[in-house]
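One chain, chain A, appears in both complexes that follow, with chain B as partner in the first and chain C in the second.
Moving on to the complex of A and B:
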């Protein structure tokens, strides 16, 4: 939601990072969790699980919780949050021993939105924790089948959803596919989410530095995107979930932007899973940076533009996105536009 | 302990704790026995201590709860203490004879409440409500609540269960598996309270609001627009007022007359952080021979104690013109729970830092204030 009190970068640094781990059963979540706990053994890590996994590390605090999703009114916006996480994280954060990192493992079929939204709407959580990244594990061999799973009208394919929400995607079990199959899987992931970094792996062996404490939800780093994608034409008309990147030169007007984004996210927010932007705003020395999950978004002043070209970049990942309408909408926010 | 005899400056009693002790971790709850001097404090280390509030000495310790002790409740006669934890266990101890009974299981025990007649202990564990006898025997279970049970309280022989979606009322005697009544409200209830006169039930909610129901008619009111989720609410002993946190101010709603519709609450300002704990001083039984004349009319209104994330503990006269705190003390770490001893002489507060402190609001015994002309 639009917030009057921007987060201070200094505050962000003292907050405990939280990684959300999603992925289908069999994608290797437990293997990755055990790897993280083994390799990062010097750290105090808490793991919040929804399924009884096989975590065998004594140092870590493992808490089992049953997913409780409820609707919550947040101002005029209604969104879903995870009530169990609010309670469990709230209790963990009151303890005297502080954790260096918290991992939240979701069930195989979970929609990542309520988890992410929890970090936007609960003050106690937002004040002490920061959502570092949504990490999605996929099985290179079976992903295609999961993506093709036909769902009843109005029900989202969970595999599509988990990929759309991801900041990092671990493409696991690459040893079970040949190169052509791998290219195809990567192509399918890219068709949905053009922003997330894809990390191919076997036995969930990845450089943990690329998935932990990466600040993917860090507003300062909101858009580390390959620029070519932003100017790319739309090739994937057949896909219902895709990414749209927009680049625009010229300063934007904040009131127009607020009107447009507010209207867009309140009417189309259900279809827009993630939104990120680094914008050039008229009269402002600094970048305006924002991150959104469905209808909720948060924006702050970022780094100064300095000598770099004042080019606004925006990314939407969602269902039935209308690139032309989004581009027109953003262009109307130019300070020079009438 | 030094007594600062009748020192009063501008209506305030400057206070420092009478005693303090440290537990190993954040205090999750502190609760005074309804009779006698005992106070129980549970901590997230899993430790629960019983303290004699008169001198701050630990009288006994309850069994350890892995991952933390979360809830504690005294039986109405002050003999038994029930403690529940994240290990799914409820322990009931008879403090007078040292007997202990435990009920084990899975799920976090967030809520415990004894029936007013002391016959039952209700325990909220995960999505289930357990109804226990004082010896721990399970009378019945009400599983499958809409969400984790966040709070329990009794109104006479009816048990109020709070979770997502409203308050569900159960009646132990009727042997029914379904609630006898439901106060539906689409929201996440974090805490509930029933007015001592059993006319009102109130909930503090995740969506930064308070919901209030008239018990007989079920007519309800919503007070929204709080800055944060409301985790602390308290009815005054005379049931005429409802105090609430949910911001840096304590708001006090007047329930007299036609009810709270259309009115604005009084707001009490002393905290520079969210108010997370509230407790009204109990009205001690009238001693024979002292206030024989219309005791209630001449008695000063009970003090309301408020604890904030700013580490401050403040006390307020619930009515009267002054909006300044009656007392204030800095406890050095965010307050997590507040209780009054049965004789209303001491406020005992626990903090997230793990410290438990007792504060004496005033050296004059409660109930001896002067009549106000307003």
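Moving on to the complex of A and C:
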């Protein structure tokens, strides 16, 4: 096991925020993109797009790319990045003075993981850019069909993955469904991802302040989630991809955490799409905050606990998650546990 | 600072000066100009058979990506290591 310290985020304020926009064809990505590029929000946005057939956008810095998956380490899922993205980001950063924000529009079928991992793996990118949020657009009328789309064994359902990875979900075209259908589609989204904020919309009209510069990957905001999620007793065991939130009072032991998290991420990391946590570590005055994408993991010391209760909170979103095993595993990390 | 270091592949930051030196060596070994993107990443992979730390070096031109994975941390690599690796076993990927 490596013993080097976790990555320390550099000066976040000076890094260019990057929004990753995912969603199927027809979900309204182009409409949202046009709104982002034309509305008065004071930001100059560079767009990287790789979806063929999209319309051109005037007065914007738009770069076309082709999807190029780069498996850096024998197909290991955690070491898979987007070569095209690294290249185009490198080119863009030579024109750093021309924009304040980068928006990456992925194809409807793109796997969000290599895109997200690109920001963790390449030091040069990590030093200049920060992944701000993964924003997923879904079509209220057709989402159910995409989620139910049967895939051959071993092939991922991209709609499920895009929801699982999302920090914000724009539920678009709500005018095309009635209230009952809307409730149903929200329920299906929540069954996969209990953490992401859902923004209902028509014609992709949303408050852009809720999707741009939101700091969803900032470690200091690692667990700004609805507390009810963590204590919610309703668990849907039949779902392949779901969310598990755990809350635990009591101080945790670093060696035990290292063993548990190390084992968990190395054996189940391929199935854990996103993880976030704020931990109370024995002997430490500050919160320990972390987050991960598959096996990639970074953590830092956060704010002091002060007078607040030292309660650890973790969230996992992934495939075939075993809530009971995760809860037991964390409980065994308590410093007081035998 | 509490040091939590779970296993599983994850990057560990390469000293920026070392990374810059390595990028220069990659460009020199493959005769690439400054416009070509090169990548230096240090990985700690817990998969069976992987060394505790390995360094991935890659050149990402618009066509014909080349990459090598070398055991050990980036700081230990020499220019001749980089040159030899790319000339002997650099994987080339057309795309």
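One rule holds in what follows: the second predicted complex is superposed on the first by the 308 of 338 C-alpha atoms of A that agree within 3 Å, B and C clash if a C-alpha of one lies under 4 Å from a C-alpha of the other, contacts with A are read in each partner's own complex, and residues count from 1 in each chain.
Assume a contact is a pair of C-beta atoms (placed from the backbone, for glycine too) under 8 Å apart; a residue touches a chain by one contact, two chains touch by 3 or more.
Just so it is clear, the structure is predicted and the values come from calculations on it, not from any experiment.
Once chain A of one complex is fitted onto chain A of the other, the partner contacts of A:284 are limited to chain C, with no touch recorded for chain B.
In the superposition on chain A, contact is made by A:95 with chain B only, not with chain C.
Looking at the shared chain after the overlay, A:261 reaches chain C, while chain B stays out of its contact range.
When the two complexes are overlaid on their common chain A, residue A:86 makes contact with chain B and with chain C alike.
Applying the stated contact rule after C-alpha superposition, one finds that A:295 touches chain C and leaves chain B untouched.
Touch criterion met: A:70 reaches chain B and chain C at once.
In the superposition on chain A, A:124 contacts both chain B and chain C.
Touched residues of chain A were counted for both chain B and chain C, and C has more of them. When the two complexes are overlaid on their common chain A, residue A:41 makes contact with neither chain B nor chain C. Residue overlap on chain A between the chain B contacts of one complex and the chain C contacts of the other covers 66, 68, 70, 72-74, 83, 86-87, 91, 122-124. On the side of chain B, the complex with chain A involves touching residues 24-26, 28, 44-45, 67-68, 70, 86, 108, 110, 126-127, 147-148, 150, 164, 186-188, 206-207, 228-229, 274, 336, 352-354. Residues of chain C that touch chain A in their complex: 1-14, 16, 19, 37, 39-47, 50, 52-54, 56, 58, 60, 62, 65, 67, 69, 95. The part of chain A that touches chain C in the complex is made up of residues 1-8, 66, 68, 70, 72-74, 76, 78-79, 83, 86-87, 90-91, 120-124, 126-127, 254, 257-258, 261-266, 269, 279, 281, 283-284, 286, 288, 290, 292, 295-299, 301. For chain A in complex with chain B, the residues that touch the partner chain are 61, 63, 66, 68, 70-74, 83-84, 86-87, 91, 94-97, 122-124.
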